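In what comes next, subunit A is part of two complexes: it sits with subunit B in the first one and with subunit C in the second one.
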Partner chain A sequence: MASMTVDVSPHAGRGSGPRWFWNALAHGYVWAWMAIFALPFLATLIYSLRTPDGVWTFSYYQYVFGSFRENLLLSFETTLITIVINLLIAIPAAYAIVRYPIPGKSFILSTLNLSLYTPAAVMGVSLVIAYAFLFRIPQTMIGLIGAYVVGTFPLMLVPIIVALRDLPMVFEEAARTLGATRMQTFWRVELPLLGPGISAGILLTFVIIFNEFLVTLFIAGPGLTTAALRVYNLARTAGFQPSTAALATTMQLVSFTVVLLFFHFFGSRYLKGTYLI
Partner chain B sequence: MTRVQLVDISKRYGPTAAVEHFNADIADGEFVTLLGPSGCGKTTTLRMVAGLVDPSGGVIRFDGQPMNAVPSHKRNIGLAFQSHALFPHLTVARNVAFGLEVKGTPKAETERRVAEMLEMVELGDYANRMPAQLSGGQQQRVALARMLATDPRVLLFDEPLSALDRNLRDSLKYSILELQRRTRKTAIYVTHDQSEAFAISDRIFVMNEGRIEQAGSQLDIYLRPQTEFVANFVGDNNGIPGEVTGLVAPGGEGEPRLVDLVAGGIRMRGLDPGNVRPGDKVVAFVRPENIEVLANGHVADAPNIVRGRVDQIVFEGPTVRLTVDVDGTPLKVISGGLERLTLLDKEQREILLRLQDVTVVPDDPAVAA
Partner chain C sequence: MVNRLRFRRASRRGGLTHRHGALLSTYGETQMTHAPAEIAIEYEIAERSPRRWLSTPRARGMLLLAPAILVAVLFSIIPLIYLFQVSLTRESSFFFNAEYTADNYLNVFGRYRSAIIETVYLAGVASILDLVLGYPFAYILIRKIRYREFVRTMMTFPLFGPLYLAFGLFYVFLPTGPLGGVFVLLGVDIAKYLFSQAAVLFSMAVFTFPFMVMNIGAALANVDPLLEEAARTLGAKPWQIFTRVLFPLSWGGIVAGFLMCFGWNLGVFVQPQLLGSPKEQSVISLQMFLKGLVQFNYGLAAALGVLLMVMAFAVTWVSLRFSRGALGA
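This part shows the complex of A and B:
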């Protein structure tokens, strides 16, 4: 009878080595890569928890609750405002680009990502020049957010364009024939179905802006130090102190937590794309 | 309670005409079908009635009121799509409620109506499911409930069953007909499937290349095709080019008018299309099931009786399908009943045929080309 059993394991027929060995190898491989990616962060974390004499301590984290809290808040504030502005620009723009025949559409689409390909330093210099001489708004919050929007709205626009393109017209038409106005159709049908694209745009914008420091360095005035810029400044002035590492670790954790929360609340619903099967 | 009129409707996309000079007067409560091959303009016509496509010319009226300038959401219509088009992010109940909610119907009234509609399509227990959790047939039934919930004036169907398998199609088409009969709403149904059209329509509009070829009842379309296209498209047919030789004097009141003609070398007497004269080029059509195989002893010396050689025999169970060569013209013949069994050994033998119910249409050079 034993000869009748069929080995359905994925390793059937490999012919050598017990199954546990291959399993261990596969898992080990994955974990090794995870470790390599996590290593810099872990090193920073450990560095922030030890005095130069090798004593474990949380004391460096006291700086986090000082002025760094304000830096973090400013980061959140600018990121959120930028995301909202990006959304307000990107959703109507995507709608116009996808649903209406506009002249030069392919040119618009191909140049859309231009600002993403511009080196941050070049962008910073250009913006400083433009702000100082054209708009006369150097070193203000408006200027900073303007810079962020210019630099990142394609990150919001492109995923929404893709989502809207993939959204069959039939849902809009069904809504219209059922008596929905254009506005009702947009709010009740299109916006929820664009969820995956919008979520992707929000996430990308958040990750980029929250961690951005180079353009900020050029644009932001003395009163406008974001968390990322603060970490950079500290590394430059104070050197790689455990206190610097503590701020860096905190920033990393905050950024991480936001992304994880985002996935938790929207991930299963939107990012897996289960909506449109 | 809505009469739908399409007066000289056309739609052009650049140089191509999707629909041309479409005229239809659809009575209140009537179920009409637009039947035609893919690309003939059925969907475009339907979408113009729905307000999703603007006609290039012509007027659409509901109960006499012009609708051209009325946007889709104010026409109060129900449209069923080829794909069910249920909103994937809303439950079954919310889908059915959609049309009521956007019109601001009170919540209690909406809930009552949704329950009633789901009951009607026998999906009362599925209110809280998501569309993706239903089978194809259930999804299409929810779509029907959704389009009926708002009590529309006109029901429009764009091949709603074409994505389903055959058994489901057969049962659902009768459900659709029954719902339409019960609600007494005017319905326009688009399909390329003639059996579907024949099963459910009060009247069929056969379309080809953006135009109406013929409009009429199933019997009109099947027994009295007026164009070569209709004769070929609906059912199986033998089309034989020929020439009118004379008009037959009418037999009496209510008798059909007949013409004499010669087609494929065969002398025939067929139904007068009403617009031909002796010498006109025509095409004679005779359906395979209307060709009778005659027993020995008949003579081939009367109109519509011909001698031919059996080329091929296919036994299909209830019927036998023959291909008979008549002086170089191949004729398809379908024989049923017990006599079919006597034909099985006739391969390469001569048999005598009687062509019955011959219809005649004027030769249309455009179709022949």
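This part shows the complex of A and C:
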């Protein structure tokens, strides 16, 4: 019965080798992957800071505020509009799903989530055909915002549903018993308590729409080139340029700052089960 | 009177009703004495007159959901149905009087069969890479690491999109790139791998890695570490602990993670375009763009789109069944 012998030495557990070796290996593995995650960003950053002769310079960032300015502004504009519309749509919808008796709730929820599982290229091609021949709104801002909203409001919906389910009914009931109206209860009690969930929705929408280029490539006309689409267009046509790298670096820095701010204030609790972890 | 009205209104909101009842019964009998009869009368009136129908909880709930449903129907469901209709029409005939034909699908399964195979192959291999490399990562993350939040933050980099990922990796694969010296030291000719299948697979695997880690990590977090301890004390070898304890208990997370990665990888677009050879560039998404927006053969592009959509939905459906609706009700 050799397999029944119990190893009680301090290094037991791992088949062979001392424990510190396995621990170092484990941590090294995770750090190696973190290096890989950051590698493309760091490479882009380095490339944007060097001239072809190898001189370090910030001069390529003048394009970000020069010829790329309009693209960046358009990106911020579309992202902001999408976030506002998403909020207006998702908060009532989440409220209805959690608090009201709705027939066929899970079916409705899967219908709403449908666009989340549609590959971006399929969404792009279906929308470009529908916009051109069915709705007659090809290459318009309305069409672009519509595509963004339908693609991201499920991501806004999920964290708010999670937050609303976690919210005990006690607060609501207390406010109502003390004579607050429905609207007062919502604005003064529930909305502040739902803050982290709503912020999670805003974060997800921001990160995705700000960096979205594929659906945009299909449906946006020449006048609606967002910054991410500009990066794609330049990468495809002009090759690998330091000015493009500067724009890509800026976009990633903005996105990462927003993520860091969110993690600092709210942690990752409300992002569970969504796109970001 | 005002209070009574208010109470009646409150009692009509669906989900609240029974909870309010419970609340009231715990807080005092006085209100209960006259309220229920009134509620019953209100409900009868509500059900009889159509004008009052709008104030039932069900109708209010539907009203709150209406904008969301409207957006989903207008921008997701109608375009997808229209895509299916267009995929059945002969090239460009749908402008005038649509001729319906299955030609596009015959074309897709005939001439574009290699594109389908290439897409499934790339997505499959990248997802297997994710699984093999992601399982140890998830295990270490859940069991050994205290700076988990930091790792999670770093993992958001690939999620900003495959575009920056492919763009950055392009530079890494150049001999003049940031790791050029390291590759020379290792004796690897890195430029050989630019525009190759390896580069595409690597960038696809990195992009979907967080999804795999997320799913397996969620499954492993639910496995009690005491079970491993018990197995170890009873004399199990590490690989036995894996095959007999960890693997069966995290099976759901493995399948869900694999299918999620596979689903995302099926729609791969920019990695083959920036890092791949023409063979990798035959993936369905890129072909769709080429046929639809460059050659204006909408019927064929739509048929490719329907095929990709069906594959992605099937994968997602199975995946959600295994993850027990991480996203749903």
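Quick notes on this structure:
Just so it is clear, the second predicted complex is superposed on the first by the 220 of 277 C-alpha atoms of A that agree within 3 Å, B and C clash if a C-alpha of one lies under 4 Å from a C-alpha of the other, contacts with A are read in each partner's own complex, and residues count from 1 in each chain.
We adopt the following convention: contacts are C-beta pairs under 8 Å (C-beta built on N, C-alpha and C of every residue); 3 or more make two chains touch, one makes a residue touch a chain.
Not measured: the values here are computed from a predicted model.
Contacts of A:L167 after superposition: neither subunit B nor subunit C is touched.
By the touch criterion defined above, A:A175 reaches subunit B but does not reach subunit C. Applying the stated contact rule after C-alpha superposition, one finds that A:L157 touches subunit C and leaves subunit B untouched. Of the two partner chains, neither subunit B nor subunit C is touched by A:L194.
When the shared chain is aligned, no partner comes close enough to touch A:I202: not subunit B, not subunit C.
In the overlay built on the shared chain, the residue A:A147 is in contact with subunit C alone; subunit B does not reach it. In the superposed pair of complexes, A:M34 makes contact with subunit C only, with no contact to subunit B. Legend: residue contacts after superposition of the two complexes on their common chain; A:L109 is shown touching subunit C, with no touch to subunit B.
By the touch criterion defined above, A:M251 reaches subunit C but does not reach subunit B.
Between subunit B and subunit C, the partner in contact with more residues of subunit A is C.
Put simply, subunit A uses residues 173, 176-177, 179, 181, 274-277 to touch subunit B in one complex and subunit C in the other. The touching residues of subunit A, counted against subunit B in their complex, run 168, 170-171, 173-181, 184, 188-189, 192-193, 195, 274-277.
Residues 3, 6, 9-10, 13-16, 19-20, 23, 27, 57-58, 60-62, 64-65, 67-69, 71-72, 74-80, 82-83, 86, 94-95, 133, 136-137, 140-141, 144-145, 149, 151-161, 163-172, 174, 177-179, 206, 209-210, 214, 232-235, 237-238, 263, 266-267, 269-270, 273-274, 284-285, 288-289, 292-293, 298, 301-302, 305, 308-309, 312-313, 316, 326-329 of subunit C are the ones touching subunit A in the complex.
Every residue of subunit A that touches subunit C in the complex is listed here, in rising order: 3-6, 12-15, 23, 26-27, 29-30, 33-34, 36-44, 46-47, 88-90, 92-93, 95-103, 105-106, 108-130, 133-134, 146-147, 149-150, 153-154, 157-158, 169, 173, 176-177, 179, 181-182, 207, 211-214, 217-218, 228, 231-232, 235-236, 240, 244-245, 248, 251-252, 255-256, 259-260, 263, 267-268, 272-277.
Those residues of subunit B lying in contact with subunit A across their complex are 50-52, 71-79, 81, 83, 85-89, 98-99, 101-103, 132, 146-147, 150, 156.
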